[in-house]
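Chain naming follows the written order as A, B, C and D, and within any one chain the residues start at number 1.
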């Protein structure tokens, strides 16, 4: 293992993602140095992540779940030099998305966290169990959802 | 055994421990400690208690009008209030001792 | 009629002296290690904190001694008492006063070594009888440790005894002299390392290993039971350093003292003991902890061959 | 016969509440899992209720030891969102404080490693020397550990020439001590015996599990955010990415010691070339960045730290995501606990050493949780209410 063999130019990453995904790429932009944001629908989330892996990205930084009001978003942050954020849109009434644990084993804990905090179900995850919240936490209550209010929220 | 020589040398060195409370380290002036409040400068604008991230400042009314009260036990010494105060009525100090036997001593009025 | 009474008073006085010595050596060890590490160490109770070990024992005695559920109550209570008795009995043979101990027998070196092994057996029962996983692992480790250091400990003691031509500790102490240390250096070294292991001190504090198994076989003990174990360990330090002095460096000065034994021989012996504690403390402060498999490895690859080599040397010079 | 050996949530090896669930046969570990559910503090949720300026001080408290990394990351994110230009002098000073924080974190780690293997003298001496760094931190920032130094738009306090000189000369003295520890790591037989071949993580596994920080670099993966994604002035300051190929705990110790030495040089370089000018850009108290999102990455002492922020144009973020380096290394930790190197099993005595080697920091987010048994409802209560006993 010597050096990091990843694409280093944002344009190249964007170009190759466009080739791999074509029409499925809903939005793609370069946001500053070494930052690429792409948006796909949930069916193509896995495809995009696999495309990145095949491009030479072997590092997964994090998986973020976002409650964006009318929908959930799952964001996979991939890459060492160029940080590519692959954003997938997930409808609220059917919060399911394909797991990427088999592509990036590092997603194991990150997806568990997103599931616990937002209730997004990752299909194909080997062990979607409690990790962060206490055992006494009521099932089906997802603290990072917007409808979950805190007791002492100040104005 | 690689460390033994160093250990034997330590027999001749002065202890590194500071025997608090008999001995006290001289704190640098820059150290962030207990807040000092100057009532006469305060105009009761309310910036400090709105800025405080840990809700350690509460407004009360005294004979001159609105003014803040500081609860040092909740204070995280971020000094945001010192920064926002337009009249410089809130000052820092390097006084550290927040160990008291009476909790009311932790209220800066 | 008076004779047994006198002997009883003597034994009591000797026990008291042993206990005082135990507390003193613990304080010396703690203070020294603190100095090595640029710290202060005990300083609050008494001048320079000399009463701290006593304060610790008294504190423990005043606390509740919890017996956890699922424990073999009898063995749990008996173990500290047995350990204390065994270690005090063994100490009676060591000439802590410089010119004599409490009792002396032909072959008491062997008896003391046997008692030391028995002591470790009690530690095993202490750990195994408490219902914690950590104490069980600690007890197993204590028993395994025996494989590594028992043979060197015995061989080094018996070789020096044989080369000086006596198996009575007080006689060996009278014959042994610091100038003979040149010949017995290897034996002394082996003895010190084995003693360090017997005492569960770094690098051999494997059965207690605070950061691994909390405190090993001791983990469930509290209150007076723990106090007695702590005292036993301190007396063990007195015993092993005393034995080191008696066997390798010699007891009191080799001059006729005529009635001033207690005033001269005893302090001289004490100073020699403190010197040995100094070496043991330096070793303790200089190392981390070995793993049990590594210790057994060291024991069989280095310690045991060295002790056999020493046996040969001792036989040649005898 | 195998027994179940729970290490934690209360155990001397680590003050934080975490449980290692081990299955043990004799002295050998045959299976392992980790449970971190004891200390979730919900900081991400609370950050959604704080303004951007207030949130900085909460982000600082995600982790005490790497608070500088968290504030740097937070400030960079908000600055990018709001389009704030940070003065160059502030960037230099941020780098200085960040490297000081790295130094004291690594020295703390070294002392903890020593403590774990029962080497108390090294523990005490490393702690003693770490005080030098903390004293410097106090003089520069006003706080020994929690610095509150970075703010949005720059840093809070200036460093004058006299202080800069003092920092450099103190660090020169410290350098000698650190070199002494490096010698010790190389020469001390027991230190090596306890750390070599322990906690084996092969390069391929380190890549596969996306390990970060010294754990990755000791397995031969040259990943350092400072080099890959320069976020302050790292592209101007010369430094080496320290990489070892031993894949064990010893390598991780060496990586950290060498990084302390690198940090000293980086601080010297930055202080000697301190540009003139302001240290803080003017930023309003209530920042309302335009809608958007930003990802910031920082090399915290423990490894890559990543913050993600989403703004909707209001004064509070919609989502603030924090992924701490410990979480990234958790998968690697389980792997290290389960599998040893080739025919060498993992012993119980290795577990604390392996655990300590990732420099774990289990803290995540701060809310006190109260459950009302009678009504069966869950109510979260802020710290302020608990303090006052409401």
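Everything that follows uses one rule, which is that a contact is a pair of C-beta atoms (placed from the backbone, for glycine too) under 8 Å apart; a residue touches a chain by one contact, two chains touch by 3 or more.
Please read all numbers here as calculations on a predicted model, not as lab measurements.
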Kindly list the shared contact partners of chain A and chain D, in label order.
-> none
Counting C-beta pairs in contact, which chain pair ranks first?
-> A-D
Taking each chain's centre as the average of its Cα atoms, which chain lies closest to the overall Cα centroid?
-> D
Relative to chain C, chain with the most remote C-alpha centre | A
Let me have the rounded angstrom distance from the C-alpha centre of chain B over to the C-alpha centre of chain C, please.
-> 51
Using mean C-alpha positions as chain centres, tell me how far chain A is from chain C in Å, no decimals.
-> 62
Just how far, in Å, is the C-alpha centre of chain B from the one of chain A?
-> 42
Note: chain C residues in touch with at least two other chains are 36-39, 285-287
Residues of chain A that touch two or more other chains sit at 154
Overlap residues in chain B, where contacts from two or more other chains coincide | 1-3, 7, 16, 55
Full set of chain pairs in contact is A-D, B-C, B-D, C-D
Note: in the complex, chain D contacts chain A through residues 35-38, 40, 42, 44-46, 49, 80, 203-204, 207-210, 219-223, 228-229, 292-295, 297, 304, 306, 308, 310, 318-319, 321, 323, 327-328, 330-331, 364, 367, 369, 371, 378-382, 384-385
The residues of chain B that touch chain D in their complex are 1-3, 6-7, 16, 27-28, 30-32, 47, 51-55, 73-74, 76-80, 84, 92
Can you list the residues on chain D that touch chain B in the complex?
-> 50, 53-58, 60-61, 121-122, 125, 128, 131, 138-143, 146, 148, 156-157, 180, 183-184, 187-189, 191, 285, 382-384, 387
Chain D residues touching chain C in their complex are 3-5, 11-13, 26-27, 114-122, 124-125, 128, 188, 190-191, 193-194, 347-352
Which chain C residues qualify as touching chain B in the complex?
-> 35-40, 43, 282, 285-287
